[in-house]
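Labels A, B, C, D and E are assigned to the chains in the order they are written; within every chain, residues are numbered from 1.
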Amino acid sequence: MDMQASQPSHATVSAPSVISAAGLGLTFQTNDGPVRALSDVNLTINKGEFVSFIGPSGCGKTTFLRVIADLEQPTDGTISINGMSPREARERRAYGYVFQAAALYPWRTIEKNVALPLEIMGFSDAEKRERIARTLALVNLTGFEKKFPWQLSGGMQQRASIARALSFDADLLLMDEPFGALDEIVRDHLNEQLLQLWARTEKTICFVTHSIPEAVYLSTRIVVMSPRPGRVTDVIESTLPRERPLDIRETPEFLAIAARVRDGLRAGHSYDD
Amino acid sequence: ADEVTLQLKWVTQSQFAGYYVAEEKGFYDEENLDVTIKPGGPDIAPEQVIAGGGADVIVDWMAPALAARDKGVKLINIAQPYQKSGLEMICPKDGPVKTEADFKGKTLGVWFFGNEYPFYGWMNKLGLSTEGGPDGVTVLKQSFDVQPLVQKQADCISVMTYNEYWQAIDAGFKAEDLLVFNYTQLGNDMLEDGLYVMEDKLSDAAFKDKMARFVKASMKGWKYAMENPDEAAEIVVDAGGQDENHQKRMMGEVAKLLGDASGKLDPAAYERTAKLVVDQKIVSKAPEGGYTTEIFDAASK
Amino acid sequence: MSEARGNRIIPVLVMLIAIVAIWYAGTYFMNAPFQRDLDRRAGVTRSSGDLFIATMTQPKPTLPAPHQVATNFFENTFLRKITSNRSLIYHAGVTLSSTLLGFVIGTVLGILIAVGIVHFTSLDRSLMPWIIASQTIPILALAPMIIVVLAAVNLTGLLPKALISTYLSFFPVAVGMVKGLRSPEIINLDLMHTYHASKAQTFWKLRLPASVPFLFASMKVAIAASLVGAIVGELPTGAVAGIGSKLLAGSYYSQTIDMFAALVAGSLVAVLLVTAVDVVGAIVQRRMGARPS
Amino acid sequence: MMRALSWQSLVAVLLLLAALFQLPLANVPIAMTAPAVAWTTLILVYGFLLAGIGADTFMRSRLWRGIVLFLCAHLATVFLFTLISDENGLARPGFYVVLAACWLLAWRCVEILSGLQPRSRAGRIILALIIPAIFGAWILIIWEAVTRGLGIPFILLPPPSAVFTKLIFSLSVIAADVNQTIFKAVLAGYLMGCASGFVAAILADRFPFMRRGLLPIGNLVSALPMIGIAPIMVMWFGFDWQSKAAVVVIMTFFPMLVNTVAGLAVTSTMERDLMRTYAAGYWQTLFKLRLPAAGPFVFNALKINSTLALIGAIVAEFFGTPVVGMGFRISTEVGRMNVDMVWAEIAVAAIIGSLFYGGVALVERAVTFWHPSFRNGKA
Amino acid sequence: MDMQASQPSHATVSAPSVISAAGLGLTFQTNDGPVRALSDVNLTINKGEFVSFIGPSGCGKTTFLRVIADLEQPTDGTISINGMSPREARERRAYGYVFQAAALYPWRTIEKNVALPLEIMGFSDAEKRERIARTLALVNLTGFEKKFPWQLSGGMQQRASIARALSFDADLLLMDEPFGALDEIVRDHLNEQLLQLWARTEKTICFVTHSIPEAVYLSTRIVVMSPRPGRVTDVIESTLPRERPLDIRETPEFLAIAARVRDGLRAGHSYDD
């Protein structure tokens, strides 16, 4: 297994690195002693990449995303975002974060929820209106502007939260199992749309998922992680073309990558949770 | 022994020393009585207690007793241990009030809960409105202490000769600093602590007899208390009274109000009180039969 | 661990010290005018330091100084026989007994009402608004009359006072338990339904255990309310015994120091009671497998 | 359609039969000469009750059954009361037996009405008002029956009718008292207490040191018998409404503080992290996230405080007032044996308290409409 | 599409029918008017079958299971369980129900949670002990008897709730997305175990899922549903053998069935939730 996945072995060596972590580690101090959530993570992600993180529960996927977003402080190693510290990057609003749950504010309508980051970042009213309309259209929610979150289905809420993360056009998107709660069909549809968005806008996307087909379908690179302590056990380059119709998932090439991911996963897995 | 429940008008203090002494010294036992003394408090209406059957006999002032009688609770006076009134109004001499004529526009502290009648009678006599304004007096419902004077919240406050007056002294006022309006001296007094029972019960000869014995033993207690004020005060403190020095002093003052300590009701005083309550429209019609001398006569045999 | 505890205790200590300091300042400002009046009448002139000391040592101050209260509290708590009616422990005991009796009755009553409301829609619809309305009645104003009326039907002693505590304490329990008994999620009720469980089985095995956290939370409120009820209930019983009677007697004789000492005693009782409920709650919930937080 | 007799109807029938052995229901005062009147009344009472039982058993529509039962039970009650209206202490055991039958039918009526699921909003509101109203009415009816029927001394417990009469005839006095107690003391104290508690909570939130110091103390103080400070406040702030307001401020301050601080802490880590990812400042997070989320807790405190404020002000008035105010009136009128006036004041206090509470609850519903407790309106 | 899937076209025609629904419909009355959750469902399930229900969110899968369990009353048509009404069947404790969430009682240990139905049904103490031990062993939870639910991972909790449904040995198991919240590896493992259990015990199982591979892997028959109003749009017989190793999922036969299910699903799908 390729444990030193530190150098992007990918073609676009010239692309500037958006995220680069070296020897990154994070230990939580808890009541029952320290918990090593991340350990010696070396990873560089370049501009325009779509990187999926996959691994059993508790392997540190969320923690890694949170470190990037400056929501946790690493205890070892270094990490830089666009050459800045995570804190600077956050203060420059360098990324949009989509949490696992939609985390919409129930007292705001959908449109107001999407407006939230725009209000905080001080966009003008006209611009706010324009951006809200545009991003809601992007996630297919036009017509639901005035609804409150609880009046929408889970999938629609999740899409609203994606719209919220997109509204201020950050170049980096961090998405933590955004489609976990959705059924397969809706998921397929959103996967397709996300790919299109990514292809169109050249954003860099870090994407956490539990689903092997989803990871393979979406990514240019798949990072397989393993718990206790959370570490990167494998980095798999996708050989699939950038243009991916849904039925690419039945091709042998796809299945081969999926099988490789599954093996990587199983190796680091224990069955009692 | 025959059981008797006595409801006091106020908390345990030397104001009721006679009853506690009679109990402690065995005067009630001598009369074959088993007496339970229930202390009162700021929100206990003895009239209500006796109407509800919670007491056989109560200590009450005449005016509220007549008011209750007017409301259908047929209370009747059977003895009157306090022959004089202890109510006063005091004002600091360095304050604005020097004479009755200065009351206009001032703030006066008054107790309520049945204790306000003498005050209203007095103001009525002076022709002062009690609704405030420059030509009337502003009335405060006063607490049972002398804080309003200390805090200068009132120009004058109500005190009892045997109680709050001394609190004022304790608080640092000297006797010569205080201007005193004594209700008795001004002729505005109403009868204070008397013994009252429900009139209908008096039709029962056994009850009458019991009450006669009760009055007799109680007055014996009062006489003893008058003669041995310090011992009486100690008995009161043992029964739950607060502050021994204060109780001793109170006993001394109370003794001055008992007159001959016979417990006899002076019909003239009764008539004066009755007239005052009618004048103030406390009662709807002139009280009749508010007292009986029967019990007292039987007791003095 | 010890560092964490220090983090918790130091701010509280600082706050307490600040409060005591403010209290001393307040003592000076509240008591000084009367002291000046006194001095003027007595013709004494004092230096300001002297005046400060005088305001701290008045026998019947408007606001007693903390050390006066502490001394009084200490004397009346530790230096008196427990049976003496000057002992604060004795008075606290009296108040405690009616608080606890009222609390127990109130809790049982509250639970019964909640059970009724949860099981009968007609009760739910008709009773709930009145339970709220009942608490807007100034029961404290009624307390004297209630005690007199109860005495009329020969209920005297502990029970009438306890009933006032009951009136104040049943409400939080009833409201909390209605919430608690309704807290099981539909899915849990459905589970019972699939087992064809009887109403009683559902109650004992699901609703009641689910309501335990709510019960203890509302019991904490209820026991504090119960204490207020007991204190107020003591006022019209002739101020014979109990914290309430100490407060009242203090106010008759302007013995502010006594009053404050009684307040301190009342506060300690309150803290003890609430803590006791808390501890019992924690133990019960631990037994029931609550996750330690 | 006939269905099985409801148990209330069944017991009512049995009670009515039992009452026949207890005739007459009430002693007829000697002054009232025509026994025929008593008999007619009796027949009317029985007639209405039996009609109600019939309706309960045979009528189809739930709504109409409820309406007929409502009318029958209460008309019977009204006629029943004419039997004892002349004088106190007339009722004999049979009276209470028949009254119990009336009450059972009223209960049955409530049960039927509770089962209704009106489609329209207006229907639901009417139902939500009428069901508790019937319940409350029966408390008063039983109270009236007991005080009048048994001839309980007026100064112990007056019948509600006397209280109502007194209330109507003393409106001007009561209005002055309400003005003094509610509009001056309670309102001022409530607003100041809640506002300062709220501000203190935000300060405590801003400065964690203060929170850690103040909260344990606040938790403790909110459990204290704050009523005990009423005499002290009167001592400090004088006799007028200011001292009552001070009591109210102290009683309402801590519940508000404790609740608001708890409310400010309810937001989930994820919701707060979201704000962090936007690099939002403290005040932006406060106003856009934490205060709205704290809304239900703040309203909880406002509701608790609405009853506390009233009680605090009234009790504080026991310790000294000008000669106006609800607490003053209650304590002095007890001393003057005007117990009906006391109850009139208490009734007014309860009504105002309920309105106050209801008002806060309505605002709560409008402001925190998004909270789950208002959404799944499961009865 | 085979809309009249009323007759089991399967081999075992002689097997007695456990569930048979005819013209089944259910309309919820809500504030905003009636919601037609199920419409004209005709379906017969025979003893020993493993039937999966799949379909987009809101198509009535849960509702159908709840009708079988007598948790909802149908408004049209008829349904019978073992020849009885659902109510009678419920009162005879004819089925075990596994809800989507584990729904364990937090104040009971795992063992006590499993004991809950046994207590209610009045089993003797000895029998209770024996059954608890047996079913906990079955779901691989031996050794965790005294733990409280929060001390277990999500997957273990879900297994405990399955043990609870198995403990009283009903012949019919109703499972509503029991593995929805688990990650793929754990899910695979539990799928395997469930199949083994089914093969061993000859129970009839109704299984709701969102995952096409899961449905195909487990079932003898797959019922595809579609929303607004909820109805059965397709019933697909599995041609896979009863004996199914995990890697059967990469066989062309498996993929063919999966593709058919996906087509059936997509047909009935609309994208706005």
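Note that in this section a contact is a pair of C-beta atoms (placed from the backbone, for glycine too) under 8 Å apart; a residue touches a chain by one contact, two chains touch by 3 or more.
Keep in mind that what you see is a predicted model, and the values were worked out from it rather than measured.
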{"item": "Labels of chains that are neighbours to subunit A and to subunit D", "value": "none"}
{"item": "Leading chain pair when contacts are tallied as C-beta pairs", "value": "C-D"}
{"item": "CA centroid of subunit D to CA centroid of subunit E, Å", "value": "50"}
{"item": "Geometric centre distance via CA averages, subunit C-subunit B, whole Å", "value": "35"}
{"item": "Distance between the centres, which are taken as Cα means, of subunit B and subunit A, whole angstrom", "value": "86"}
{"item": "Averaged-CA centre spacing for the pair subunit E and subunit C, given as whole angstrom", "value": "53"}
{"item": "Numbers and ranges of subunit C residues touching at least 2 other chains", "value": "62, 144-145, 148-149, 152, 251"}
{"item": "For subunit B, residues contacting two or more additional chains", "value": "42-43, 45, 48, 51-52, 143, 147, 151"}
{"item": "Touching two or more other chains - residue numbers and ranges from subunit A", "value": "none"}
{"item": "Chain-to-chain touches, reported pairwise for every pair that qualifies", "value": "A-D, A-E, B-C, B-D, C-D, C-E"}
{"item": "Subunit A partner contacts - residues on subunit E that touch it in the complex", "value": "56-58, 140, 152-156, 183-186, 189, 210-212, 250, 255, 259, 265-266, 269, 271-273"}
{"item": "Residue ranges of subunit E touching subunit C (in the complex, touch as defined)", "value": "66, 69-71, 90-91, 93, 95-97, 99, 101, 103, 105-109, 116-117, 119-121, 148-150"}
{"item": "Partner subunit B, residues of subunit C touching it in the complex", "value": "34, 37-38, 41, 59-60, 62, 85, 143-145, 148-149, 151-152, 156, 235-241, 248-249, 251-255"}
{"item": "Parts of subunit B lying in touch with subunit C, wherever the complex brings them together", "value": "8, 11-12, 38-45, 48-49, 51-54, 94, 143-147, 150-151, 167, 170-174, 177, 240, 242-243, 246"}
{"item": "For the subunit C and subunit E complex, residues of the former touching the latter", "value": "185, 187-188, 190-197, 201, 205-206, 209-210, 212, 288-291"}
